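Next up, some structures in structure tokens.
In the two complexes below, subunit A is the common chain; its partner is subunit B in one and subunit C in the other.
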Partner chain A sequence: MGVRALTQEWMDAYKAAIQADPEYKDIAKNWEGSVALVVLPDPAKGIPETVYLFQDYWHGDVGEFVVCDKDKAESAKFVMTGEYARWKQIARKELDATKALLQGKLKMKGDLPYVVRNIKTVNKVIDILGAFETIWPDEV
Partner chain B sequence: MTEGMVVNNAQDVPFSYILAELLESNLEQKPHKLRTFNKIYGVVAIDLKDIEAIVTLIFSGGRVRIEQGIIGKPDIIIKTDSDKVIGLNSITIKFGLPYYFDEAGMTVIRQILSGELKIEGMLLHPVILTRLTKIMSVM
Partner chain C sequence: MATGYAGKFLLVNLTDGSCTDFTIADSELQKYIGGSCLAAKMYLDRYPLDTDPLSPENPLMIMTGPMVGSGFPGTSRFTICTKAPQTGIWGESACGGTFGPELKRAGYDGIVLEGQSPEPVCLAILDGQATLEDASALWGTDIYEATDLLKAEDKSRKVLAIGPAGENLSRIAAIGNDKGHFSGRTGLGAVMGAKKLKAIVVKGTLKTGKADENRYKEVLKTAIAEVKGSALAEGLHMMGSDANMDLGMVTGDVPIKNWTVGEDFDLSFNLSGPTMREKYLTKAHACANCPVACKRVVKVDDGPYRTDEGPGPEYETCGTFGTMLMNSDLAAVIKANELCNRYGLDTISCGSAIALAMELFEKGTLTTDQVDGLDLTWGNMGAVMPLIRKIAYREGFGDILADGAVHAARKIGGDAMDCVVHVKGLEAPMHDPRAFHGMGLAYMMSNRGACHLQHAVLATEQGMASWPQLFDMKDDYTGTTSVDKAALVYNSENYGILGNSLAICHYLVDILKPETILEAFNAITGFNLTSDELLEAGMRDWTLKRGFNNLLGITAKDDVLPKRLLTALKEGGGAGSVPDVALLLSEYYAIRGLDERGFPRKEKLTELGLDELKDRLYR
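Moving on to the complex of A and B:
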């Protein structure tokens, strides 16, 4: 039984999956800073309002993982914004996150050279995003 | 500090924004790269087939213009996929030159040998390629 995407329960499951990953700690040892994922509304797919997700990462450890408000999301060191359908495609590995960024399907605010320097960490975290069972709002 | 140095005229190509931001941020964060940037004269095209994005970078000593498509006759044309182009930014610079004997460098060499990454003009214009690698490297 999966958890419903974009809820606090889902964030908890995501955090647990990252913590349980045997490679994550080593790959992310140089990463410091919070990341916000912003999911743009898509009422037809069960997302009536923008969803803001805040995640805190620090040298291989994971801190706060919460569904939050706009202000908190915008306080993150990196903010990644995309349509619901794109995030779902990324989680399902139907769309590569780097490709989505270069195609403008995802937008990122933050220190881009830092992200490129730590692209393995980003790829790992995104890889884990699709590693646990998720119930998507448009499939309920 | 880098105002006006990077002019993006390829606004219909989202990749061009990433390229411009990467270049501007790199020059701001590592001002020593400006010396190299100021010495680049040449035209470099980047063709990302998988996302159908082609841009041309026209360097004119301290300034670069990014244009959509292939403009004129580029000195260098880089042809690869979007997931591999990011790897080019991870090449380490040692003693002022790109270093190909670590993981990132070896990956690029492997991609060139396998044809996943094609760099037309690399033998004719090694100085432009070296300088481009230096200013684009985030390492």
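Moving on to the complex of A and C:
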């Protein structure tokens, strides 16, 4: 039985999966800073309003992982914004996150060279996103 | 007269010193558009093909396109075309910078250079007036020196020049525009050198019109907004093309140690765009009319590779003088880039030739005595710097490498050719087809030899761009499969090749929506092509150049990947994977309309309005 995507339970599961990953700590040893994921509303797919998710990463450790409000999300070092369908594609590995960014399907606010320099960390975190069972709102 | 064009071309006969104007019918312009496509048509119509590329009979064509000089983003380009000294087949090399728009302002859509001058000359084109001037005093200067001397009187003049490599007929010689922009590939600088043409200087004040000024203004706003919203544009501005170093190391795109190693994150960390930005970047620089500004201006303050502030290396150069040589010192790459710029050497071919030498040195095929006492151990950049000079001046062992890796391997013999990664004589750029099989097919089918700039496969296969509105394609392709790649390559060729006929930067082709580029093209020219017609123009372009090569003896047997690219790597994004050449080619030949010999089929040539080429191919 999976957890419903974009909920606090899902964020907890995501955090636990990252902490349990044997490679994450080493790959992410240089990463400093929080990331917010912003999921744009899509009422037809069970997302009536924008969802804000805040994740704190620090040198291979994982801190706060919460569903949050807009202000907290916008305080993150990196803010990634996209439609629900795109996030779902990324989580399911149907669309690479870097490609989505370059194609304009995701928008990012933050230091792009830093992300490029640490692209292995980004890829690892996204890889783990698909590692635990998720129930998607439009599939309930 | 079709709008967007200057309306005339300049024919320069360097043998008798005459300069005359000629025109091309609007119907031909609409069919072949401009740039390298129009150049291929002009070559086929007017010149014999069975000539030595360095003989007076081989013309050199410097072409703009209808959008050049319009002010539309990315339209700074010009394309230099000829039968290539390095490969003996169709040769072209596009360039950004300032020369293209200035040539249009000086009154010309292009220049055709015939013959050979008895003495070194410089061609000056000032507001429609072309003259040949004595350049004896410039002969022997490097590109930076020649450019400074030619701008001494008037800094606003735009200069195209060769350096010692071109003068010494190196078949990997480049042509430089205002020090920072280069037509590098296929050895076109040697053709200028053979013609004793040291430089071309242009300046003009003329304006080309637009078919619909208001329509153009609207689409210009759209284009600017698309650039501003593009992460690709932002990345290029902040990190230059070398942004690919970090990303490519993860995907397996970056060749290492002459294509024998699949992954080395220490190398990519030290050679990457972010590192260049942190340590050496002084400012970003833009070609004319470009809001992206991807060019790097760099300075190395101290150490053995100290440089003045000047043009910085592209990703390709960070590959050939970095990862390919097992060199992790970015300052050394910057210095090597400066030397290649000054001498007028293509950095891809020069670095690839040196990588070959280092591998053969390690294997013992080349001894210290044979390489003039240099220690060509991997990563020894102290030996690379003098070797670059030797190549440009054809001194000692430099003469062996001066025509590129393929010619060098032929001279060295033994199994040296097994260590060269090339297609049709042109060394591959820094994108590994073992990680991206579509690129392997694109290398095999590119009309100038292994190339990433005759098509848009790099963008579509690696996911930098997605154009489902233009042709059937996915947002995300797996690199290490050959399935579904033939159609992707075919379509990406038909669209991407237009960059060199419209003369618009390939990065802007990737960044802007196809409908935006088409709208701008139509607003400028008034041709009002549909997207299908635009793609048909791309098909015609590709087929015309393929026919050119077929007439020179290119057949299906030449559409191959070298042994090394068919040997799987042990590590990295492409580990264990090689392109399925048979699958790729069989599907591609069917889609492209090639027969079993690799010739365009008669019905395809008729469909594209290339009956004259058909008559020559099926004579």
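Going forward, the second predicted complex is superposed on the first by the 140 of 140 C-alpha atoms of A that agree within 3 Å, B and C clash if a C-alpha of one lies under 4 Å from a C-alpha of the other, contacts with A are read in each partner's own complex, and residues count from 1 in each chain.
Keep this in mind: contacts are C-beta pairs under 8 Å (C-beta built on N, C-alpha and C of every residue); 3 or more make two chains touch, one makes a residue touch a chain.
Nothing here was measured: the structure is a model prediction, and the numbers come from that model.
Engineer: Using the overlay on subunit A, decide if subunit B and subunit C clash or can fit next to each other.
Structural biologist: clash
Engineer: Just checking: does A:70 make contact with subunit B only, subunit C only, both, or neither of them? Give me first, second, both or neither.
Structural biologist: A:70: touches no partner chain.
Engineer: More residues of subunit A are touched by which chain, subunit B or subunit C?
Structural biologist: Of subunit B and subunit C, more residues of subunit A lie in contact with C.
Engineer: Kindly classify A:113 by the partners it touches after superposition: subunit B alone (first), subunit C alone (second), both, or neither?
Structural biologist: both
Engineer: Now for A:59: first (subunit B), second (subunit C), both, or neither, which partner does it touch?
Structural biologist: neither
Engineer: Given the touch rule stated above, what does A:95 touch, subunit B (first), subunit C (second), both, or neither?
Structural biologist: second
Engineer: To test your reading of the overlay: subunit C has the stretches 189-197, 261-269, 549-557 or 567-575, and exactly one clashes with subunit B. Name it.
Structural biologist: 261-269
Engineer: Counting contacts the way the document defines them, which residues of subunit A are shared by the two interfaces, the one with subunit B and the one with subunit C?
Structural biologist: Residues common to the subunit A contacts of subunit C and of subunit B are 96, 98-99, 101-105, 112-114, 116-117, 119, listed in rising order.
Engineer: Looking at the complex, which residues from subunit A come into contact with subunit B?
Structural biologist: The touching residues are 96, 98-99, 101-105, 111-114, 116-117, 119.
Engineer: Would you tell me which residues of subunit B are touching subunit A in their complex?
Structural biologist: 14-15, 17-18, 21-22, 25-26, 29, 48, 50-51, 53, 82-83, 85-86, 89-90, 138-139
Engineer: Where on subunit A is subunit C touching in the complex?
Structural biologist: 94-96, 98-105, 107-108, 112-114, 116-117, 119-120, 123
Engineer: Would you pull the subunit C residues touching subunit A in the complex into a rising list?
Structural biologist: 229-232, 234-235, 238-239, 243, 246-247, 250, 265, 269, 272-274, 277, 462-466, 475-476
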